[in-house]
Structures are given as structure tokens and as C-alpha cells.
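Per-chain residue numbering starts at 1, and chain names A, B, C, D and E are given in the order in which the chains are listed.
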Amino acid sequence: MPAILSAEHVTKSYPVGGSDVVAVRNLSLDVEEGELVCLLGASGCGKSTMLNLFAGFASPTSGRVLLRGRPISGIEPRCGMVFQSYALFPWKTVRQNVEFPLRMRGVPRHERRGMAEFFIDMVQLNGFADHYPAELSGGMQQRVTLARSLAADPEVLLMDEPFAALDAMTRQVMQDELLRIQERSGKTIVFITHNIDEAIVLGHRIVVMSARPGRIRTIIPNALPRPRDIHVQTSPAFAELKSEIWSHVEEEVTQHMAASRLAEPV
Amino acid sequence: MREHIAVGTRRLPWLTIDWPGRAALVSMASVLLFIALWALATATGWISPLFLPSPVAVAQAAAKLVLSGDLWRAVLASSARVFAGFFLAAIVAIPLGVAMATFWPVRAIFSPFISLLRPLPSITWIPLTILWLGIGEQQKVTIVFLGSWVYILLATYEATRRVDPLLVRAARNLGAGDLTVMREVIFPGALPGILAGLKVSLAIAWSCVLSAEMIAARNGLGSLIWEAKDWGDMTVVLVGMVSISLTVLAADVLANRIEILLQPWERHRRH
Amino acid sequence: NAQTLPRLNFAGSVTWIGQVPILVAIEKGFFREQGLDVQVQVIVNSADRIRAIAAGDAAFSNLGRVSVISEMARGNEAFSIFANVDDSPGQEGCWARPGIASVKDLKGKPVAANSSAEITLMGLLSESGMTLQDTDYRSLPGTEMAAALSHGDVQAACVWQPLLDRLKQAVPEGKLLGTDKDTAIYRDFGTMAAGDIVIISRKLAREDPATAKRIAAGVLKGADFTIANPGEAGAAVASYFRQTPEQVTAAIKGFQFFGSAGWPEHMRRHQAQIKYLTKLLHGAGKIPAAPDTDLWVDTSFVPGGK
Amino acid sequence: MREHIAVGTRRLPWLTIDWPGRAALVSMASVLLFIALWALATATGWISPLFLPSPVAVAQAAAKLVLSGDLWRAVLASSARVFAGFFLAAIVAIPLGVAMATFWPVRAIFSPFISLLRPLPSITWIPLTILWLGIGEQQKVTIVFLGSWVYILLATYEATRRVDPLLVRAARNLGAGDLTVMREVIFPGALPGILAGLKVSLAIAWSCVLSAEMIAARNGLGSLIWEAKDWGDMTVVLVGMVSISLTVLAADVLANRIEILLQPWERHRRH
Amino acid sequence: MPAILSAEHVTKSYPVGGSDVVAVRNLSLDVEEGELVCLLGASGCGKSTMLNLFAGFASPTSGRVLLRGRPISGIEPRCGMVFQSYALFPWKTVRQNVEFPLRMRGVPRHERRGMAEFFIDMVQLNGFADHYPAELSGGMQQRVTLARSLAADPEVLLMDEPFAALDAMTRQVMQDELLRIQERSGKTIVFITHNIDEAIVLGHRIVVMSARPGRIRTIIPNALPRPRDIHVQTSPAFAELKSEIWSHVEEEVTQHMAASRLAEPV
């Protein structure tokens, strides 16, 4: 199966002051159609940078980023982004937020309402269509973002720590919901997290990134049975996988903490 | 409701007892006390009525001006000037502010002039505007315009710059073009800041109209005050001052109403 | 059917009895007789009145000649001089706080005046061999002088009637240091130091001489009426001055007004006085040039003029 | 550095090329173009010098005023008035603002007066202050005071109310008493807001001094302008306007410096 | 062993609009000297409310809160609070922040510097004493808060989701540090979290709270060996404990999610 999304020897650096901060160095990655890849890494290791490259918000300093084999140039609506901080339009109701990408896609007015209803139902927010985002809890807002992204019908969903701001229990529920939706829609998803459990619960493959400058440390396939409920999560196989991932991560973290202790202030 | 800090309530526990309306009661008492002191000072002759007319004299003058309709006409005339100048200022400044915030060449072209114009009080424009426009309504409206447009511009500019770039990204990522981003993201995103700026500028516009009316106005609250001053009639001066206060306060209330109407998504803040 | 008449603005003030002839012409309908609807536009400051004419907001004005001279010095050709209807030697004076016995005592002291009263002050000072520089001179609007004098911010203030009376009320124990009658200008020309002058928009006079002619006729008729019936004139305009008709009539009697009688000779005298004043102001460095002021005089449309 | 929104750069890709100093260059070109147009308009007689003096005439007038020292004296005189009035206003308004924000009876007593005084432009105080204080320095300083104190007060009040109540809790939890909380938490917490308010009020104070100097000032930038206006000398009026602009801008720069000195903990913002 | 901190039939309600929101109902709890108790519960279940009562920031609507058997009235410096959002004084350097409680305790000037140094070392921030909080990363700021609270030398440390804003890996490091410090100082700690793993890693006992109005659903003793590193975390005993806690929590969460779906907007 050919990769839907791929990074080829990507390096990305930001000019800061006089010099350059290298956020990602020589990173190559293929994402296959229909798969859910988790990018796991400590804070500042370049996860968001990679996602921004895939979405076309930025372009690589060197190397190429490809969607279905063609270079991504400029913002790419076929790669839909789900932001950690929701990025809902506060001045639009839930319905208007979900209808926004439908209007952008040119869906005629009379079809829009029904389609919006469909996506709102999918994230189980029926009854909240006329509420403004500020009137919803964090978990509900994250579900609206998901509905809005799905309504845009992108070929790839890019999710940047979407559940990090939720409490652990709501998070669990949202993870279930995401898996359910992915199974139904078959969307390709690139999911960023710094939570090992979350990566294991969600990913078909787990990409562990190393600390700055970001590179791929290892890629771990995850064959745990789905749905990965609490029984799976307390199973020895889960524990084993977690151990394995932790062994990769630990080294990075200790390096990182040591570095931060010596570092100049930001 | 937002929690506010409170200090000093530990030593005086009775202050923490929050019976409803206690603040309103204290406020009322404080106003009554002030008026009583004022009346006393003038009645006993401690302050000559030449220097400070008694509250009764002021009330009488106010009643006379209200009954004759002169006060309403003055309020109306000044309000019309404020409204015209302010409206023009908004029409010019809001689009320019948005353009400056989103498009760097516009910013580069205008910013030196804005820096130079910003600190200039509208009152300094009086000589040139009289020269260019004479002393008619045009000149007064222009003074209001010149006094308020920079503030509206700066508020718009700041508000537009503060629009969350993430929302712009999100909109583009969902397939929006420049026009849609402008209309559906940047403008509503900047709206609260623009409206706040408009409210501040409205107060400034009022102070402009008063200086404009210093020179050759046939009507308006400013001319009421300046004429009364020239005739040494301090009761009318005081009536004029209070009228200005109340008019601006009324305009403020109106502005707040409009603000609420324009931003239904802020309704949760008002619970 | 006043609405159908062409409307014109007269830029004037209501704190100077010299404006009475024109106010009488308005109140008695002399302009309406001529087919004009003239309104008073109060503008406190003379310089602003000229600007109102330049901008087309006013058709004519009766104003202090110092401002007129300074505009001529800058080459402002927006107006023409065509008449003088009022004069009041002795109506402009300097009132001093107790402790100032004579003009000599003003040396180094804060003194307030402005426009015409400044010329009176200059005249009084030069009688004592002094100039403005010998005092601590402050330009101050006439309406603010009473407050300044009573607070002692200035030791003396020079102003015209009825504002001079306000100074006397504010500092009753004060002293009159002198009036314009005590200056060289009065001795040489028989006029007050810098009396009023009536000007008209030059554009109007050139493009619409008929209207200019009507304005001039109304103005002179107002003056003639005021001279002939001071009592009736005072009653007609008392409300402008916020005084009783009797008070205004009394004030009018203390003034000189000039109507159509002897008008050409009267104008010649004032043209000469303006020339003298121009030289004086230029010499004192108040104006950047000494223009040929006759170039601004236009009497072609005045009934009985050239 | 904060990311700012940018629109319209997709269609015109050359606009996104960010060579250093491009904005400064465009600004400079825009200013030069403006002056050239102005010079052209006056030189060709398209605009009469009576209505708008040529840039050369203005520059000459400026040079004369600078060389004679009159301009410096004017700037100094006005600055002294602004400083005195502003200083008094700060001394009165900051403690009162903090007290109103932290102690409800103070708030209840003063708030009705503040509401009434807030919308009153300082210019309307001219008649009463002349009556009470005459036309000396006192009156001018008072006008500046009256024009700026309410703004300082409101800024202080808002800034104090916005101090994070969590920090107050934390301080108390660590054993701090009322005085310590006031001095080490509320005051420094409100400081950025107070300083921002002071900067805004400083601009307002400048506009007040100009209106105060309209009447009976012997010196100062305001009197320079008003006197020049009465003598019809528009070149000096323009020089005066530009001087006001530059003086206020200089005051602003100074204020920013002081702000930085007073808040070392904000230094990371300036990287 | 007598309880150092206890809640006796505590109810706390807040007036909202016309009616009262009951945040905590009839809750009783004893905390013993030297123990680390974790309060675990979903968002809005009244965890912070309980901590505020212990710190004396609020007083119970009914029932009593006792420190060493005496009712707590007014803010109680003997119960030191560590806030989730750090609550450092932004205008004070790290050293000044840590010295603040020392000054409040009346420690003489010449001793203060050394003591501050000691606590800054304890949280491994040597070298950062003269930095302002805004110049530090989140994890470092949280360590400053900890040092400041320790410098106040309270009898009980109350910690309100102190690590929730940190990324998962930094969090792990901070948990280790907290355990180390607690072992050294023997402080009594009440620790709030909504993360089951965190509760298991830290707590001697885990108090599971039920959804609003907050009550105690169950109290689970935790005998896992310390330090609870990744090996313990992937052990069957850990999984078993997690399963048990999850069974209690799950019901609450599903109730809570269902309620939020029907709820009026906040």
C-alpha cells in the first residue's frame, strides 16, 4: 500500500535571534491510508512542527513533505487539523462551526443543515447545536472540533494533543469516541501525544521521537486488540508494551531534564 | 461571577456582612451628604455665591433651561455633531485599522503619520480647521473626527493584531479564502476590541465637540457653557457640566446595549 | 416670507456696544427692507471673524482693526474695508489694583490687555516713556480679565466697555490709570486707539455688488437710526447685551456713531489712522510687514461712496 | 516573538519576502512623498500659502523658534505644567484607586462622584477654575489635574481588581498579613495596569494643558499656537503642532523606559 | 494514631443565582500524620472545594474541619497550599519567592539566604535563584512552588492537581521528586488528581470521590512497594489496583458524561 502522507529527510529550523533553532532534523516517515499513527515525544521535541509541515502551515527548511506523492505547498485543506486548544470560532454556534467547512466546500444550503446535524450526532452533541462554544465544557468543545474537522472531509486528520487539556476520565471517554469514529470513517489519522498510555490505547503504530532536534527514535507496531478498554489496559501485553516504550522514552526524558537544568532561561 | 480581591476584612468582620444593597445605601448617603454640605456652605455665606452658586440656584437654572427647551436643543445639537464626526471617524478608521494590521505595506505607509498625529489633541486643530473650513458645522464635525479617528484606528489595529492566529489557520485549513478569513474570522475576532475602542473614543469625541463649540457655535452644550461663562453666569455653567456628564453616561449605556446586541456569543459572560 | 430671502451671516459680538448699529439694523428690519435675511453669528475673537469671512461662513463683520491689520500684513485678500460706524474715545481704559497709583507703577508688573486695548495700553505707556517690554505683558481675552484682576494674577487690565465696568465691580477699590483719550492717537486723529472697522467678503463684493450695496445701506441706516433715536435703539437691542433698555441707552449715549452724514470725510480719517497704526504695529514687531492698507479699502458699493 | 496574523499574502507572494528594513524603507518613502506633494501644492500656488504654508516656510519658522530659544521655553513651560498636574493626579488617584478596589465602603462613597466626573472633559472646568483660582499657574495645573486624575484612578482601580486573587490567597497561606499583601502582592500585581493607565493619562494631560493655555498663558506650546492663530501666523501654528507631537512622543519613550526599570520581571517579554 | 487533619460531616454549597450548588455533601475524612492521601475524582466533583476548606480559604456550610483536633477558622498557614497554576509571585525571583514565607515566619535576614538556598537545592533548581518565574519552564515553576511551600514549613501540604499542566514525562519526574521529598521531610500531604496512575504512584491511600455533590465513594489502601517506578507501574499488582479503581470511577464518569449531555449549559 503506498503512503498517503510522507516526510522525506525533513529538516525544519526557526530563526531565533541571530542563530537557528533546529526543531526537526532529517526526519523521514510514511503514513499509510486508514492507519492511526501516534507521534510520542517530550515537550519541545518537534511534534507540532511536524504536524504544521503536514498541514502546510510551514514548509520544511530542507527535504520534502508529500500528500499522495505530491509535495504540499501552502495550506492543505485535505489535511484537516484538530488543535489542542480547539480553535473553535467563539462567535459561531456549534451548528455554525460545523457548517463552516461545508460552506467552504460549496455544499448547497439545504443540504448543509442535515449534514451538520449528522456530524453533531456523531460526536453525541445533539441538543447543543445552538450553543456557543464558551457555553460548553472542555470535552464538549473538543468534540465540536472533531465534528467540524470531519465535516471538512479531509483525507488525513492531524490531531495535536487534542485531549491534553481534558481530565483523565473525560479523556478516556474521548479516546473511545475517536476510535469508534475512526473505525466508522476509515480516516487516516496522525495523532500527537506525550502520554504513553494514550499512544498505546489509540495507535496502530507508535512513533517515538527523540528530544530536540526531533528525530525518530523508534517506531513500534501495536497489535493489542481493539477496543482497548480497561481490561486491555491492565493486561500484561499492555504493560509489556508500555515498558518497552518507556525504556525508549526514559533516556530522552532524563537527557531533557538534565539539559533544562543547565539551560539558559527561555 | 469573577472573584475579586478583598483586603482588610479580617480585622473588621462586620464589613464582610453582605446584606443586599448596602453599597447603594452608602453611595446614596455620600451623595446626600455632599449636597447638604454644598447647600450649607453657600447658605451660610461661607462661600460667596459669586464663586459657587447654591444647589438651589443651580436646580432653578436647570429647571428653567429644561422648561424652555434650551437644554434639549443644546444636547441635541452637540449630540448631532458628535454622532456625525464619530460616524465618519469609524468609517475611515476601522477599515484602515484592519488593513494596517493585516497587510504590512499599508502599515508601513501610514504608521509614520499615525505616530505623529496620535499625540495631537484635537484642540490644536482648531486654528487650521477654522482657516480651511470656517466656523460652520463642517468645522465642528471635523474637530470631532480628527479627535477620535486615531483612537478608533489604534483600537482596531490592536484588536486585529490580537486575533488568535490559530483561528486564522483553522479557517484556512478548513478551506477558507482571504475574503472569508477577513469577514468571518478577523472581523468578528477583532469586534470586541473595536467596540471597546469605540466606547473610549466616544468619550473623547464628546470632549472634542466641547472645544469645537468654544468658538462660534450658535447652539450646543459647549456654547451654553462658554456663553454663560462670558456672562459670569456660573449656575448655567454648572447645569451645562452636569448635562454633559449625564449625556455621556446615557451614550455609554446605549453603547453597552449595542455591544451586547452585536456579540450574542458573549452572552454567557453576563450570567 | 423671510425664508425666501437670501441668508447672510454677520460675524460680531455682543460684548461691545459698538455693534449696536448693525444689531439695530437687524432688529429693526433694515436689512429685510433691502431684501436680505441677516443673522448674527457670535464669534468672540476678531481673528476668527476674519477666518469666518474667508471661509464664506459670514458675509461681513464689524471688528477690531488690529486683527484686520495683521491679516492685511499677511496678504489676506479675502475681505475689503468699507466703513466705520462706531467709535468711543474714553470707553477703553486700564483699571489697576490698589497699590498701582499711576502708569509708571506698572514697571515690571503683570498687565493684561488684548487687541485694541493693547494699543491703548501701548499709548498710555509711551506717555510715560515706557513700552510694553517694560511691563510683564499678558494677552488675555476681555472676558477673563475680571477673574485675573481679582486674584491678583495681573496688577492692571485694559479693556473696553462694558467689560471695563466688570473690572470695576471685581476690584471696587481699584483705580483707572487712563483711557484711550489720554493717548497720542486720540490727540492726532480724534479716534479711539484701535476702533472697529466694518469689513465685507471681497468675493461677495466683487461677484454680487448688488447685495454688497444692500448690506452697506442697511449698516448705514442702522447707524443713522441709532444716532437719531438712541432710546429706541437701546430698547431694540437690549436683550443681546443682557441689560435693561435703559442701561443700553445710557451706554449708547456714551458712544459715537457714524452714519451716512459726512461719511466720505470720516472714512478718510480712519484710513489715515489705520496707516499710522500699521506703522506702529510693524515698528513694535507685532506684524511681519507694513502693507499698503489703502489697497483693502473698497467703497465702490457704498451708497454715497465713490 | 508573538505570531501575528497576515492576510492576502497568498496571491501576492512577493509581499511575503521579508528582507530586513523593507517596512522602514516604505515608511520613509511615504513620508518623503507626502512632503514632496505638500511642497508641490504650495509652490505651484495650487494651495494659497494663506491656507497652508509651504514646508519651507514652516521649516524656517521652526528654525527661528529653535534658535531664539522660544520653542524650548514653550516646551519646558508646558512640560512643567503637565508634570505638576500629572504628579498631583497620580498621588491622589493611585491610593484612592487601590482603596476603592480593595475596600467596599470607599468604593461606595466615591463611585457616584467618579461616574459623574469621569465623562467631564477638563475643558469644561475652565470657567470654574478661572473663577476660583484666577489665570495663574495654579489654574493650569489644576486643569491638568482635573483632566487626568479620573483616568489614573480608573486604571488603578481596574488593575487592582484584576490582580489574581490566587496570589493573594497564596500570600495569606504563606503567612502574610494585610499590609504585606497590599505591599508585596496587590501593588506589584496592579503595577503594570497602573503604569499603562499613567501612559494613557499622560497623553490626556497634554491635551489638557493645551486647552488650559488657550486662555491667558504667557508661555507654553498652547499659548504659542493660540497667539500665532490670533496673529494669523499659520507657520508657527504648524511648528507648534509638530512640537507637541514630538514632545509627547518623547515623553512616551521616557515613560516606556521608566516602565521597564520599574518592572524587571517583565524582561523576558523584551527578548 | 490521631488524625492530623479531619473533616466531619462537611457540606459546602455555593449560592449561584437564586439557588445553591452543593459542591460537597456530608463528607468525613481523617488524614493521618506523615501520610500521603490522594483525592481522585472527575472534574467538578468537589476536590478543590475540600482543599479550600482545609486551607481555611472557605468555611463549611455545615460540619467541621479540624487541624489537630481544633477547628480551622480563617486562612491556616499551617496547611500549605500548592496550586495547580503555581501562584508564584511573578515580580519576585526564585530566591525572593522562596524567601517570602521565611520572612513571614520572622526568620532573621542572615539565615534566610542559606535556608532559601537549601530549599532551592532540594528541588534541584540551583543556578536559577535569580531568575524570574516567567523565565522558567512549567516543570521548573512547579518545583519553585514546592520549594516555597516547604520553606513555609507547614504541617500539612495541600496539593491541588499540581502536575496537571505538565507533559506526561516531566510529570513522571516530578512525581519521583515529590516522593523523595516526602520521604525526607515526612510531611503529611493531601494530593488531588484526576489521573488514576498518578494516584496509584503517589498515594498511601486513595480516596475516590463521586460526582457532584461530592461524597467519598471508597477509600483504597495502596500497599505497592516504593519507589513506584516503571517496573512497578507495569506489574500485575499495579494493573489490578488500577482495574479496581477504574471500576469505581467508570460508573461515575458515565453518569457524569450522560448528565453533561443533558445538562443546561454552564
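We adopt the following convention: a contact is a pair of C-beta atoms (placed from the backbone, for glycine too) under 8 Å apart; a residue touches a chain by one contact, two chains touch by 3 or more.
As the structure is a computational prediction, the values presented were derived from the model and not from experiment.
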Most distant chain from chain A by Cα centroid: C
Interface with most residue-pair contacts lies between B-D
Roughly how far is chain C from chain E, centre to centre by C-alpha average, rounded to an integer in Å? 85
Could you put a whole-Å number on the gap between the CA centroids of chain B and chain C? 40
Which whole number of Å gives the spacing of the CA centres of chain A and chain D? 48
Chain A residues counted as touching two or more neighbouring chains: 135, 265-266
Listed in rising order, chain B residues that touch 2 or more other chains are 10, 130-132, 229, 268
Among all residues of chain C, those touching at least two other chains are 45, 54
Contact residues on chain B for chain C in the complex? 130-136, 139, 215-216, 218, 227, 229-232
With touch defined as at the start, can you tell me which chain C residues reach chain D in the complex? 45, 47, 50, 54, 67, 70-71, 74-76, 78, 112, 136, 138-141, 144, 147-148, 150-154, 286-288
Spell out the part of chain E that touches chain A in their complex, as residue ranges. 42-43, 124-125, 127-128, 131, 135-137, 139-140, 167-170, 172-173, 193-197, 230-231, 233-236, 238-240, 242-243, 246-247, 249-250, 252-253, 256-257, 260-262, 265-266
Write out the stretch or stretches of chain D touching chain E in their complex. 164, 166-167, 169-176, 180, 184-185, 188-189, 191, 263-269
Interface residues, chain B side, partner chain D - complex: 3-8, 10-11, 15, 22-27, 30-31, 34, 50-51, 101-105, 107-113, 115-124, 126-128, 130-132, 160-161, 163, 165, 168, 178, 181-182, 186, 203, 206-207, 210-211, 214, 225-226, 228-229, 234, 237-238, 240-242, 244-245, 247-249, 252
